[in-house]
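The following blocks contain the structures, represented as structure tokens.
Note that chain A is present in both complexes that follow, paired respectively with chain B and with chain C.
And then the complex of A and B:
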């Protein structure tokens, strides 16, 4: 009864916040996957220094809590004349960190490709870019689907950190409602359920994507 | 057969009533005051980001006006100001910490509002407060009118009272909502916002700390407010002890100790003990 009353009174106020969480998660996930692919391309084609640069990048972002780049970008960019909106700054921080993770996931899957394919590609006259675009990337992405699914779930949950920089996503909404009403349990339990729904939807999507590619085991 | 059923119904009702009576009696007997005295220390929920009420000093020690008030309470209970365990939470973490019974009471620049008092109990106020606007000197804002422009942003905390005041006093200004005062200050320092709303003592404290960076705008947003101890409602004996103690601090037998703490944090005397008494 307590929760029914709560939902009738405050349920609609969650919808906007749910939209922001979902939108940030989807766009940042796409950005992270694109960045991960780009990092893999640099690692494979830009020689020894390219490889080192990518390694350095991955180390830096894998070894810092994501709240740090979120704060640095949000509070630091205005100092260099870039007062971007909070959601853009937060999204960028999520892309930068998750891109590092995605590039590592893709690197793992790259090993699963038979080297013979690259010899075959060269023998039919494909350059490095076309080999990457037509041979490497499609296979790497497909092999990575389950791990990418996991990473997207992690990213989705990390969007809650954007509440620290004024983005009214689900966690912020719960904080606002708690401060307004003093009712902490109701506000956060509803948000927990909504996160669970989003995560489940993500998992269903990635499982379907995995199944739809017939040629994997 | 019929008699058997009615007997068992009666028996069940009797047992249920007995259990109810026992648990109720138990709940009535045990006040948190007794628990605290048995335990030998106070457990207090507070924040570490609300100077000068409750914050970490340069050495990382939790200090502040509210912290010293709690130490006076511990002195009254145990003759020892160190018998306190502090639980540090964020602003919105205050209410569940009290509702769950994790802490005996809470302090930390907490303003009394009637809508908050629905969920938590408050003692009488242990300090007068108000809300002021702190502005960055660089912004060239001299009054609330200057601030009320859509090119300016104000940094708020995530309580609805801040949002209401922003709407009332500077409706055109953009609002940014943060969950800690430190993030509010970062926002002003980085140029995200030109101003922030905060408790008057905190605003004065920061303006005094960094004179060339911040100004306090003249005029309060709403004249006077009360900061008080909050606790779980329903425990009369515990509430009565706390409320009595606060009363004695502000205008009674412990006014001298209260004055000492007030002087330490605000550099001036507290309001007079009684309005009809001459202060020296």
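And then the complex of A and C:
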């Protein structure tokens, strides 16, 4: 009953915040996947130094908390003449960090393909594009989609950190409501439920995507 | 820009971060053992509680849980301050991740091991101690170390509920000096050393344990 009253009073104020969370999560995920592909491409084609550079990048982002790049971009970019809006700064930080993880996921999936298949593809006269399209891509998708789904869920949860740099997404909204109304925990319980819904929806989406690319059932 | 005071503040913050992480890793390991036992309970209600706990903790951001506890504890007349709240939240969160790691370790034990342990007539307590636990430790160690590294990184989130640790110290210095790149670069380097060091120590322990002819050893 308490939550029904709460929702009728403050429900609509969550919608805008929900939109920001969903939008940031979707765009940052797409950005991270693009960056991850680019990093893997560099690692595979740019020789020894390209490999070292990408490995270094991945190690740095794997061993530092995502809050640091968020602060670095949000507080640092205005100093070098780039006064971007907070949500762009935060989104960029999420892309940079998750791109590192995505490139590792894709690399693992790529390595899971048996080398012999590439010899076989060449011996039946497939060019680089057709080898990629018909041999590499279908298998990489099957191997990587579950892990990519996990990563997107982590990214979705990390969008809550953007509340620390003034973005009014779900967590910030809950904080504002708590401070305005003095209610101790209702706002956060509602937000936690909304996150659970978003996370579950993401998981359902990736499970469906995985089913659709699997060739054996 | 970089002076001794800045450096010593950051190192103090790093000490607090490390204490928070190690403290919650220790508490969370105990919590996870209890949770893992619940996951294999014979009562459906207990197993359902386990699933619900994991679902909630894995489906909500740590920051939301932290803010929830931070604002709710004073409302329940528990004046604990941010440190206890932070430690509590981190323990509850990491405990769920560890519990899943341990559960995976138990499920990875080959079936014949269970059967032979039972056919030897070992009592349940001895079976867990002599057969199950040693194997779970070996199977679960690599993901366990990953979660430990994650705990150090996650402790930075507690800065938002005003726990004074490395990230909080860095932000405080930035707001005073505007030396964004130096200070955050340094803080990042300190985190890197802590996480990378933890990873390396974990790998060494892993190799040590694997050396004694373990069935699940990678070829």
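One rule holds for everything that comes next: the second predicted complex is superposed on the first by the 193 of 217 C-alpha atoms of A that agree within 3 Å, B and C clash if a C-alpha of one lies under 4 Å from a C-alpha of the other, contacts with A are read in each partner's own complex, and residues count from 1 in each chain.
Just so we're on the same page, a residue touches a chain if its C-beta (ideal position, glycine included) is under 8 Å from a C-beta of that chain, and two chains touch if they have at least 3 such contacts.
Model, not experiment: these values are computed from the prediction.
Student: Overlay done on chain A, so just call it for chain B and chain C: clash or fit.
Tutor: Aligned through their shared chain, the two binders clash on chain A.
Student: Which partner does A:79 reach: the first (chain B), the second (chain C), both, or neither?
Tutor: Both chain B and chain C are touched by A:79.
Student: In the superposed arrangement, does A:160 touch chain B (first), chain C (second), both or neither?
Tutor: So A:160 only meets chain C here.
Student: Determine, under the contact definition given at the top, whether A:142 touches first (chain B), second (chain C), both, or neither.
Tutor: Neither partner.
Student: Applying the document's definition of touch, where does A:53 land relative to chain B and chain C: first, second, both, or neither?
Tutor: neither
Student: Quick one: name whichever of chain B and chain C touches more residues of chain A.
Tutor: Comparing chain B with chain C, the partner touching more chain A residues is C.
Student: Of the partners chain B and chain C, which touch A:23 in the superposed model: first, second, both, neither?
Tutor: neither
Student: Applying the touch criterion given at the start, work out whether A:200 contacts chain B, chain C, both or neither, answering first, second, both or neither.
Tutor: In the superposed model, A:200 contacts chain C only, not chain B.
Student: Touching A:67 in the superposition: chain B (first), chain C (second), both, neither?
Tutor: Only chain C; A:67 stays clear of chain B.
Student: I'd like to know which partner A:180 touches here: chain B for first, chain C for second, both or neither.
Tutor: first
Student: Choose the clashing stretch of chain B with respect to chain C from the list 23-31, 95-103, 113-121 or 167-175.
Tutor: 95-103
Student: Return the residues of chain A at which the contacts from chain B and from chain C coincide.
Tutor: The answer is residues 71, 75-76, 79, 163-164, 174-175, 178, 184-185 of chain A.
Student: Can you list the chain B residues touching chain A in their complex?
Tutor: Touching chain A: residues 91-93, 95-96, 99, 115-116, 118-120, 158-160, 176-179, 183, 186-187, 189-192 of chain B.
Student: Touching residues of chain A toward chain C in the complex: what are they?
Tutor: 59-60, 62-68, 71-72, 75-76, 79, 157-161, 163-164, 170-171, 174-175, 178, 184-185, 188-189, 191-192, 195-196, 199-200
Student: Hey, which residues of chain A end up touching chain B in the complex?
Tutor: Listed in rising order, the residues are 71, 74-76, 78-79, 83, 86, 163-166, 168, 172, 174-176, 178-185.
Student: Which part of chain C faces chain A closely enough to touch in the complex?
Tutor: 55-56, 58-65, 67-68, 71-72, 74-75, 149, 152-157, 159-160, 167, 170-171, 174, 178, 180-181, 184-185, 187-188, 191-192, 195-196, 199
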